[in-house]
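Across the two complexes that follow, subunit A remains constant while its partner is subunit B and subsequently subunit C.
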Partner chain A sequence: MLNIQPYQNPQYFLLLLLAFIPLVIGLYNGHRWRWYESLISLLFIFLIFDADKTIQGFALIGYTITQALIVKIYFHYRTNKRFNNNFWIFAVAIGLSILQLVVVKLTPLLANGKDSIIAFLGISYLTFKTVGMIIEIRDGAIKEFSFIKFLQFLLFFPTISSGPIDRYRRFIKDYDNVPDQSSYIGLIGQGVHYIFLGLLYKFILGYLFGTLWLPELEQMAMAQRHNHPFGISLALVGVMYCYSMYLFFDFAGYSLFAVGTSYLMGIKTPMNFNLPFISQNIKDFWNRWHMTLSFWFRDYVYMRFVFWALKKKLFKSRITIANLGYLLLFLLMGLWHGEYWYYIIYGLLHAGLMIGNDAWLRFKKKHQKYLPSNRFTKLSAIFLTFNIVCFSFLIFSGFLDTLWFK
Partner chain B sequence: MDTKETVLNILADLTGDTTIQNNLDESLFDSGLLDSMATVQLLLELQQQLDIDVPVSELERTEWDTPNKIITQVDHLRNA
Partner chain C sequence: MLNFKKLLAVLAPALTAAILAIVVLYGPLRLTAPSSMTVQKAATSLSPNILRGNQIKKQALDDGYTLVIGSSELSRFDNFHPSVLTQKYQRGYQPFLLGSPGTQSLTHFFSLQALGNDLDNKKVVVILSPQWFDQKGVKPAMFDHYYSKQQAIYFLRHANANSMASRYAASRLLAMPSGSADNNIKLDLENIKKYQSLSTTQKLFLDKVSRPNAEHQDQLFSSLFLPDRRSEIVAQEKVLPAKYDYQKLQTMATTLGKEHSTNNDFRIDDHFFDHQLKHSVGSLKGRQVGKSYEYGPEYADFQLLLQVFKQHNVKPLFIIPPVNSQWMAYTGLRQSMLDNFNQKITYQLRSQGFNQIADFHKQGDVPYFMEDTIHLGWQGWVATDRSISRFSEQKIAQPHYRLNDYFYKSAWCNRNPQTIPTLSK
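The block that comes next holds the complex of A and B.
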């Protein structure tokens, strides 16, 4: 049969256009035909996991059933007044919820790079959603649960493969609602704009950097690696910038498709990028780069850790607590990318940068009077941040592993 | 002590900025005055001083970003 990966080729976009005609007409006239939305969602998900990807499809079905049960049971536990909010029950729920992802992430490490048979495209992003839900259920922030809405949220097809990572309560608010005509017209305009911008990003700029130039630069860097200490050649610098541009345009392009498609369905999926390369420091950068991921880690890991550590008075100094929080956040993020040395170094580097940046901000606050702040200092800050970020992406790319050890 | 005074005191303490009471509608996140760490401290102070519980996941940033909005939220929670 047929297999069509999301946002990869013209067939996908053509099919999307056809499937969306009735949906857009409906929403424009104030109707959300939820059965129709579910039908096309199932169709597109089926096309991702059809033909040679059938095993992945079964893994997704198994995963969905397990997650639905975990969330449902935990919700029952939390809303039943007979039980108090036991931490260990919560920990077990989280543990069960991430179990399949952990197995999938560890299998390549233990089985010589082979993928697990319970792996499927998008498992990470779905797990972020369910873990976020379990945490909000523990907090009592999620007060309603329905299987249908859970499935709609978890399997929302425009974002199923790689995000952006939405939040349950935010999503349901949109899903339960039909935008009025004038705001829906606004959404269509924005959505179409995002999709066209995505085409420019992913298929023109991403193609130029990633397919046309990057392999050549990599070849040059490999050819010269023995002539320079640590293989650091001009070509390697080229690889660094070229890969960084590719990474941004490819992923930002994908994200624009996902957000644009969501808008056409009247769902305001959050944006993933906000001009990351004009960031003035590394903290600013993480507020602009892969935002739904960094905000997820900020809200569900960093802030919760800091809250707990401050309350338990784990350390006297709140600076120590904040720094430990950064280490925890970025190590987890690094490990989530994969169990390779370069992801872990990437995580540690960003934790270090955040810690250093906080120290600098404290110093700046204290000595505000003596430090100049003008257009030149701002541009220098942007230039410095950009270069540090590109360097971290060179590590992230894994090319150094090839350059040094292969 | 009323909510407004308490909240403004906490905010002034956390940000080290005593002019906060003159800019009640300025976004504390955009200006960088309130980072995630300070936000968590704010929640803890509210818990200790006013006895209101705000779990981290209830903190919708767009509803907590200015001193005035924080006062409104706290008032709302105290009377709930």
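The block that comes next holds the complex of A and C.
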């Protein structure tokens, strides 16, 4: 049976091109043929989860049904005037909705690295979407719910395996509308541009860094590890930069495909990367790197925590609360990546950097008169941020685990 | 109408790109064969692209090159390297080097089988490093580095689910990350492994989609970015005597070996010692006491190579290099273990009719036979080159190979060499 992972090879893009011809003609003439969109969505999802991935396919079906029920029931609860907005009901809804993800994430830890049978590609990204919905339903921001739209949002095939993470209300606004002809042509232009930029990023630059150079550098670093304290060789520095470039071009390329494909469908899926390596500080970096994920954590974890802590007067100092918020956010993000020491260190490092960055910004504000700010300081800030980020990616890569302990 | 024009302007570049991509990858185009210049460069390039590709090797066979199959020792281009000596003396054989650090039997099997009938009746040379026969077998990362989808596709198109060789090769490839990287290839391999022939759809997909794509990529890209070592080789041959003289070369090899190994007690090349050993030499003392090349999957992988030779009636010469004796004494590697390795591999060869063997495994104590710890150099190259040269000139009788599936079994891989009889020559 033919099995094609999203954006994996030229065949996928050719198939996409063919499937999109009727869809583009429809949208161009002002029609959104939703049945046709659903049909090709199902086809492409089927191609991801067929053949030897069938078990994952069943896990996805089970997951989708439970999530739809959880969201539907919670929506009923929240819109029924007889009930008030009980925190514990909300907590149970969230708990149930992340249950499958938690099991999937913990299974490798408890079962010697084996994957859970209820795991499937993209479970994290789908869970981010539903949890976001439940939170917005609690806030009363989501006022209508339909199974069909929920499914369209959850299983939107261009983003199903690795994001970007869209928000329900934003998505539905696009889905309910048909762009007018000239703005749709604009969308096609942008979409095509993104897809071609993605090809450059993922298949040329990502290939150079990830497939051609990285294994060689890793091999060199491994060969020299006994000759240097902690195995820190020039080759390891090479691994650090090369992996960072690979991570960016591979993932940003992937995200560009997803965004570009969405645009062709008249859906403006948010961008995931915005020139992250010109960030002037670490906060700036997180506003530019894997943006839909960091904004999700910012809005639904950090902000919620800070408001709650302020209301409960958990600490007197707002600064302490904000810092705790960072720790919570980045530890959670680290743990989400996987239950390995290096992801946790990566999370802690970024929490520390954010806390330090805030402290520095306060200091800078107080002593503005004495601190120069010019092109040179800006360039140094970019240089420093870039190197710190690359260092954190070296930790994130897990290569140190191989270098030191394997 | 204005909008439609705009739409066309937006889509035209993308559509052009798509059509070009389809034509280049799947179209019925045949690019011209690589030039003799390219083949000449490729012969000593040691580039992984050459190993992974197909057409340059085929052209090399057509042009009369002798494939020299080995691993890291091939990159030791000193004054006596076979490529240097042939460049100088033009004795009718022209080596085409295939091998780099980490290439072992499995890599060479996939690379050679994909040459198909171009291999028929050819003479080839195999430098059989004892180090290939490490108990764990080829490192998956190393295998992956040289893995070629094109060769895997060729293998699948010709695999026979009823043959032990095909099933064994399929299961070995599946054990490597690269073998399961492509889902379709993975599913095909699983079929073969399970005694199932491929379905018509699977075959059609391999023949009409995967194959042209891989072949066109090979034709387009393999000859790009080849390292050019030709001037390096010309520089190395300058000091050699004008006429081939074995004794003179031996004397010279000793002199040059002495000159180039002054900073250590192992007769190891100075440059190698400085860069690879100086820092770690202390920690390597006694490190190889328990090391063994007597067991492991490499023996079965090697059988695959023999199967290709039989299939195409290839006449191979096997060269078995030694290990530097002084280094062995220092690290605790036992000569008796090397003898056992030799006993086992020789049995695998001779019992199946492969009798052309240049056995150097006891020559580790010949001064300057090795350039460093495990790689042939100076004297070793002079001797190797002589074996190859004689082998090339010699008329080899029509071989009668009798292959035995026993050699794919773990019973063979795990068999104690001391229980193996010695066969007469």
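Definition applied: the second predicted complex is superposed on the first by the 406 of 406 C-alpha atoms of A that agree within 3 Å, B and C clash if a C-alpha of one lies under 4 Å from a C-alpha of the other, contacts with A are read in each partner's own complex, and residues count from 1 in each chain.
In this text, a residue touches a chain if its C-beta (ideal position, glycine included) is under 8 Å from a C-beta of that chain, and two chains touch if they have at least 3 such contacts.
Please read these numbers as outputs of a predicted model, since none were measured by experiment.
A.B. asks: Once the shared chain is lined up, is A:Asn112 touching subunit B (first), subunit C (second), both, or neither of them?
C.D. replies: Neither partner.
A.B. asks: Tell me which partner A:Leu2 touches in the superposition: subunit B (first), subunit C (second), both or neither.
C.D. replies: After superposing on A, A:Leu2 lies in contact with subunit C but is clear of subunit B.
A.B. asks: If you stack the two complexes on chain A, which partner ends up touching A:Lys365: first (subunit B), second (subunit C), both, or neither?
C.D. replies: The first partner, subunit B, only.
A.B. asks: With both complexes superposed on chain A, which partner does A:Asn84 reach: first (subunit B), second (subunit C), both or neither?
C.D. replies: In the superposition, A:Asn84 touches no partner, neither subunit B nor subunit C.
A.B. asks: For A:Pro10, select first, second, both or neither according to whether it touches subunit B, subunit C, the two together, or no partner.
C.D. replies: A:Pro10 contacts subunit C only, not subunit B.
A.B. asks: Taking the superposition on A as described, I'd like to know which of subunit B and subunit C A:Asn374 touches: first, second, both or neither.
C.D. replies: In the superposed model, A:Asn374 contacts neither subunit B nor subunit C.
A.B. asks: Classify the contacts of A:Ser317 with the two partner chains as first (subunit B alone), second (subunit C alone), both, or neither.
C.D. replies: neither
A.B. asks: Give me the intersection of subunit A's contacts with subunit B and its contacts with subunit C, in residue numbers.
C.D. replies: No residue of subunit A touches both subunit B and subunit C.
A.B. asks: Taking the touch rule as given, give the residues of subunit A at its contact with subunit B in the complex, in rising order.
C.D. replies: Spelled out, the residues of subunit A in touch with subunit B are 135-136, 139-141, 283, 298-300, 302-304, 306-307, 310-311, 318, 321-322, 325, 361, 365.
A.B. asks: So in the complex, which bits of subunit B are touching subunit A?
C.D. replies: 16, 32, 35-37, 39-41, 43-44, 55-58
A.B. asks: Touching residues of subunit C toward subunit A in the complex: what are they?
C.D. replies: These residues of subunit C touch subunit A: 3, 6-7, 10-11, 13-14, 17-18, 21-22, 25, 141, 145, 183-184, 186-187, 205, 209, 213, 279-280, 283.
A.B. asks: With touch defined as at the start, can you tell me which subunit A residues reach subunit C in the complex?
C.D. replies: Contact set of subunit A toward subunit C: 1-5, 10-11, 13-14, 17, 28, 51-52, 181-182, 185, 188-189, 192, 195-196, 215, 219, 226-227.
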